[in-house]
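Okay, so chain A shows up in both of these, paired with chain B first and chain C after.
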Partner chain A sequence: MSEQSETRELTPAKAPVAMPEWLHSLLGTLLAISIALLGGAVIAIMVGESPFHVFMTLLRGAFGGPDRIAGSLLQSTPIIISGIAACIAFRGGLFNIGVEGQLYMGGFAAAWVGFSFVLPAPLHLTLGIAAAIAAGALWILIPAFFRARYGTNEVVSTILSNYVAILLTSYFTIFVFKRPGGWSETAPISTTAELPQLFEFSRLNWGLFIGVALAVGLHMFLTRTTAGYSMCAMGSNPKFAEYGGVPIRRNVFLILLCSGAVGGLAGGVETLGVHHRFMEGFAPGFGFDGVIAALLANGHPILTIFTALFFGALRAGSLLMEVETNASRELITVVQAFIILAVSAQLLVRRRRDSQAGERRWKY
Partner chain B sequence: MQKNRPSRLRTALAGISMAALVAGAPAVAQAEDLSIAAVSGYFAQGFGISIVNGLERAEQELGVNVQIVDTGQRALDFEEQFNNLARGGDFDVILVMGWELVDALMTTAEAHPDQRFVFIDGVLESDNITYIDFIEEEGSFLAGALSSMLVEQGVEGFDNGSEVGFVGGRDIPVIRNFLMGMEQGVDSASEDVGVSSVFAGSFDDPAKGSELAMTLYGQGIDIIYQAAGPTGEGVLQAARAAGKYAIGVDIDQCPSAPGHILASMLKRADIAVFDLIQGEVDGSAPIAPGTVEVGVASGGVELKICEDMMERIPAETIASLEEMRAGIASGDIDVALNR
Partner chain C sequence: MSDHQGFRPTPSFGAPMTNAIEMRGVSKRFGPVIANDDVSFAVKKGEIHAIVGENGAGKTTLMNILFGLYHPDTGEIIINGEKVEVDSPRRAISLGLGMVHQHFKLVPSLTAADNVFLGIEKTRNGLIDHAAQIAQTREFSEKFGLSVDPEAIVANLSVGIEQRIEILKVLVRGAEVVILDEPTAVLTPQESRELFRTLRGFTDQGMTVIFISHHLSEVMAVSDTVTVLRDGKVVGTRPTAELGEDDLVRMMVGRNVSFSRRKRPRTDGERILSLKSIWARDNRGLPALQDVSFDVHGGEIVGIVGVDGNGQTELAEVISGLRHVSHGEIVLHGQKIQDGDPRLVRHAGLAHVPADRLHRGVDKADTISGNILMGRQDEAPWSSRGVINWRYVRERTEELIKRFDIRANGSRTLVKTLSGGNMQKVVLAREFSRAMPFLLVDQPTRGVDIGAMEGIHDEIMRQRNEGAAVLLISVQLDEIMTLADRILVMFAGTIAGEVDADTATEDEIGMLMAGRNLSAAAAPTVNEAS
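Right after this comes the complex of A and B.
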């Protein structure tokens, strides 16, 4: 966790508690999750179910057998990748709330390459992934430019770009590329563009490893390279970074672009690896889940893998829970909402503490 | 949210059947073993609500267990949801509604050949599934007959034309069935009235539906029957704008443009679902792979005249409509298709 010590060099430790910051944020994460699960238990009681039974079913749905574990990993994959997309922006002191829209654009672009061209396997797949990355980057281009050039609030512009992306891909799917006689979906991609499945019994695919590799890669970048160091410096204190010679505007632009590109990749992995086509409105909320996973991990890429796995397992478990208990699948949404509340509360407390210590933190 | 309703019912039902057992009447004991799951993303909308109503009636009257599963919107979940329902073997029958679920349904049906699936409102390519198929042409016959009689008799408001209109979604076989049924109904009621039909080319384009309907109304047509999904909503709105009349489809569309909707050709999923379950429970028609046709005879397809229109339609028209309905139900009137 050496990047934490670097952060400390920039912002000398004034925390009253003498524990490493990563441990502090891990404890915070665990606290948030415990509060959320407690809230979930209360709701389970309110719908007349034993919380123990509900949580055991949840656990069984998430981990009760190889195919269930694969199902949890399958649900986690898009959350890991979109979580990394959000992490990139967070660490640079920026917000990308447009991961959802980038995911849709990337998913559509990858599917388009998949069903429009006839190419040999490795090339077709590579091109599909490249198209997803490019579409994601393209979709954040305008917010990124305006943020870098004029300081326009990127939270608002990226949120708004979500709606355009979702409706634009709907339009393409229904009016331009609709499979004749089918539901609102495109033609299937050719097999040469498919991300290979890992097992016979699950749709889990290589996308999981793409996500993990991205997280590890981002972690290495942030902790081992000069560029990563200047990015963290920007995230902690942009004034200081600028004083130290970091080209803020250029970096803001590049960081947002990378974040968008990874967001696009998240969608590409879904269409190339799981659905093998693009469906209108196919994945509502994955982008937002990713942002929450990254927030919960305090922007730490490796921790993001685990928070994403947690959300994916919750999701997979909830699918069994709704069949076997009276609790609705939406119980999980409530648990996630509790987590967001708990995390925001911690951030507020931390910010207050920091500002009392005379330190203005730009992070989040 | 959806799930609580049936489960509360189930609790109430358990109480009732307990009381019945105490009284020494083991009436519903056997049916209680039948567990039914219903899967769809549309249980909050017209047709889906109708399915839920049918299931609740089956729960109350037949004592079956019902589990309703709302799929939500995430395509990633569908297959897992089907698997969770099928692999435990807890459900005797799984009802499915919604075309976006077809892929997941086919995959699961293949993986669990012993699990009985029922797909509502359509016929797919698998031989392992039971299909509920509504005979739209029978209801359309009645819609055609009603509009034809009104136009021919010159009832006030419907008096300036020898033609009635039809707006279809796309020109595909199932929509042709609607049109063929309507044409036969129009012909059987009057030889002087003809049908002027157009297709919008899309089911998702209310503006196009409205535009086409306006053209037809502009030609002097008073009544348009629509079979066009959301495109048809435009037809209903055009009826209001033009001060003319339309006939709705699938669900009760009278509230869409009160005073301008004559009737709705209903596909009563509640009746179809209840009948299906009843056939299984009393053994008269166990659920087996194949197509179950639901038509006017069972009440699964009907023409419902809007309340606010009743006084404007002559009693003899209503009477002869009822005669035709009975004729179709008994088989005396054959609504034929050039399938």
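Right after this comes the complex of A and C.
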């Protein structure tokens, strides 16, 4: 028995082809996306549609005209910001799977500031964004504290905090702040708190630039500053960072707090820029999509913009696809799931290959 | 490596039936790396055959091929005169081979007998027949002189006994040829001697033993024949009796290497590090250090020896601020440092070459310059106002790459692409270039080839002669004997004794390492196999 499992562990992969690391990585990502699209095609056939027709509609829905492109960017915005939130945690070697919850809390806090106060325009908007950031940070405070102080697994605690956030904001919306006669939504925010729109024909707003600026800023922070260097060292090898004098516990706490704050900002941008009120279930899965986008980009902030754009385009395209074909928008969820499977399978294979060709040989 | 003219491979072609194992023209590549290059050698039936070579010479790969863990790219294996295809360990076992790996693979919660029969359990009516397993384990252990209590739980046993269980596993499966990978790495000198007596017993009963080692003295003492590998090639197979230790070293490295004690000027430095009655616990919460006190002065090297797992790891962690001290006081360069804060200790004047190079010493995923920066990212001119001065970092890194002879393609090379020896040089370059008053150097040459080893020893001596206080922890006795001024021997979490390095003998130290002069028999064994 033990001998058999040993064989499996130690038998090396067939001589790996020598190719540059980045090419290998790119090919892998393309392969993952191809496999996912293939899976999507199979589903399309199963619902009696031509996969070609479905994908063309998808493409047209995402990129067929300025308003459609703006729609894709609009869908991408919260995913980019959520993705940056997840990146911050990833690069510090942590997982914030609670972006969704922070987004809900941030969104609600921003809306509350928006409809509760009467203030001049720039101040009102700033206060709303600040409230969103504070709410996001607050929402990760407990997981962050327990992770830093007692080493409690932050994956579990942040996932669980999602449910509380979603249900709590839902309670506030329905039972405390419900607009009389309306849907499950609060009163609209005053215009002084709105994030300005970019075009007449779309709800696309300045939030997109906030997201891109955050990504670029995070990238500079990670590559140029000592704090960013310490954070990356922690994420890549915590024992090494500890040995080099990086205060691990303090950093764990701060990194999670920042990650949560940005998660809250994602929600604030969504309410202040798009909906101008808080609606129950206003942002289904944006936070989770952000986490996946960051994962796909391997925690690289600039790449995260592009993976987030990909997911945003899928979402936008699926709206038209749902109207014009038999395929429902859940098809897109299936495609995303396939991508995640393919990418994680790829990571697994790479880790095996590394451990066999590297560690085994230079044993000591 | 330079050509080596003096020795040539001597594959034995006469009387094939006397060869238990023969490997012919075996080659194995891992990507760009050739681990074994056209290796041919033969092992006679009933002999003890040592495979020696530096780390990375291809010894373990070769044995893994023989045992069916790797498939060779070319070449053939002949066992008892018959060409065979060894495609799995299962097949190897059925051919009468048995392998004892360097890292034991035992289940700690089971008894010795259960471990011996793991996977080939004796059953009666579908249930495990413990009585039969115990009886048979006892029978084998008596027959081969491997004293083991079959009913003891493995977690409570010492490393030496665990190794015996590993060997019993192999014997019970009917091995005629026993392969051991670095069997003495974890043993005291006394335990090693006992092991060798056992191995001699095997050959007396007609079995064959192959063992991998890079401890030359034990190769000389116990083997009948030696095969030397260098850079994946066979340098030669010779009867041990015809060789001297220097011949072996020459064969391994292609040139003479001196293991003699380094000459040194006398120095009288002030006290730099002082430990007063230190107590600390290990990761499992058991006492790992018990009342440890000593001083290290500027301009001296204090060597710490001991069998792995007697508190050396915890000692290094306590001094570097990575482990909490339960009682006692550590003063480094006039500053108390037992608060368990690595940053504080570094500021107080520590440079640290950690034993766990891959996990503590470097970030493999980062570049060489990223690794050189660690620990001084907050210091000017490495950074100013929170922004790293990468240009300066790269320039300094290029300088250090030259000075420490790191074989790499510039400062942007990823550390994971370097060999073990060059990785270690990155660590040394970072730590020794800090000009700190105290150096904590833990297993500096583990897994490093002999050529690089000399350079590392030179560098440690230079630091000492320039006035640094050096605490050198090593499991390599000869390394300590070569470098240290004073030697402290650790056993079971205590300093079992101090000897003067000029007059100490290996036997004297070996006795201390085995805890022989300790009157307190109650001293708990610390860290069986961490």
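The definition used in the following text is that the second predicted complex is superposed on the first by the 325 of 364 C-alpha atoms of A that agree within 3 Å, B and C clash if a C-alpha of one lies under 4 Å from a C-alpha of the other, contacts with A are read in each partner's own complex, and residues count from 1 in each chain.
Here is the rule we go by: contacts are C-beta pairs under 8 Å (C-beta built on N, C-alpha and C of every residue); 3 or more make two chains touch, one makes a residue touch a chain.
Note that this is a predicted model, so its numbers are computed, not measured.
Enquirer: Pick one for A:P120: touches chain B only (first), chain C only (second), both, or neither.
Expert: Neither partner.
Enquirer: So in the superposed three-chain picture, is A:E322 touching just chain B, just chain C, both, or none of them (first/second/both/neither)?
Expert: First partner only, chain B.
Enquirer: Report for A:G244: first if it touches chain B alone, second if chain C alone, otherwise both or neither.
Expert: second
Enquirer: Output check: A:W183 vs chain B and chain C. Expected answer is one of first, second, both, neither. What do you get?
Expert: After superposition on chain A, A:W183 lies in contact with chain B alone.
Enquirer: Go through the superposed model and pick first if A:G285 touches only chain B, second if only chain C, both, or neither.
Expert: A:G285 contacts chain B only, not chain C.
Enquirer: Let me check the overlay on chain A: which residues of chain A are in contact with chain B and also with chain C?
Expert: In the superposed arrangement, which is not itself an observed complex, chain A uses no residue for both chain B and chain C.
Enquirer: Quick one: in the complex, what on chain B touches chain A?
Expert: Residues of chain B touching chain A: 1-4, 7, 37, 67, 69-70, 72-77, 79-81, 84-85, 88, 99-100, 102, 172, 204.
Enquirer: Which residues, counting only chain A, touch chain B once they are in their complex?
Expert: Those in contact with chain B are residues 47, 61, 71, 74-75, 78, 174, 181-185, 203, 270, 274-275, 279, 281-286, 315-316, 319-320, 322-324, 326, 328-330.
Enquirer: If you look only at chain C, which of its residues touch chain A in the complex?
Expert: Touch residues, chain C against chain A: 29-33, 35, 55-56, 60-61, 64, 68-71, 88-90, 93, 102, 105, 118-119, 320, 322, 342-343, 346-347, 352, 354, 356, 359-366, 370, 373-375, 377-378, 383, 386-388, 390, 416, 419-420, 446-447.
Enquirer: Tell me, which parts of chain A touch chain C in their complex?
Expert: Within the complex, chain A contacts chain C at residues 1-4, 6-7, 10-12, 15-16, 18, 224-227, 229-230, 232-233, 236-237, 239-247, 357-358, 361-364.
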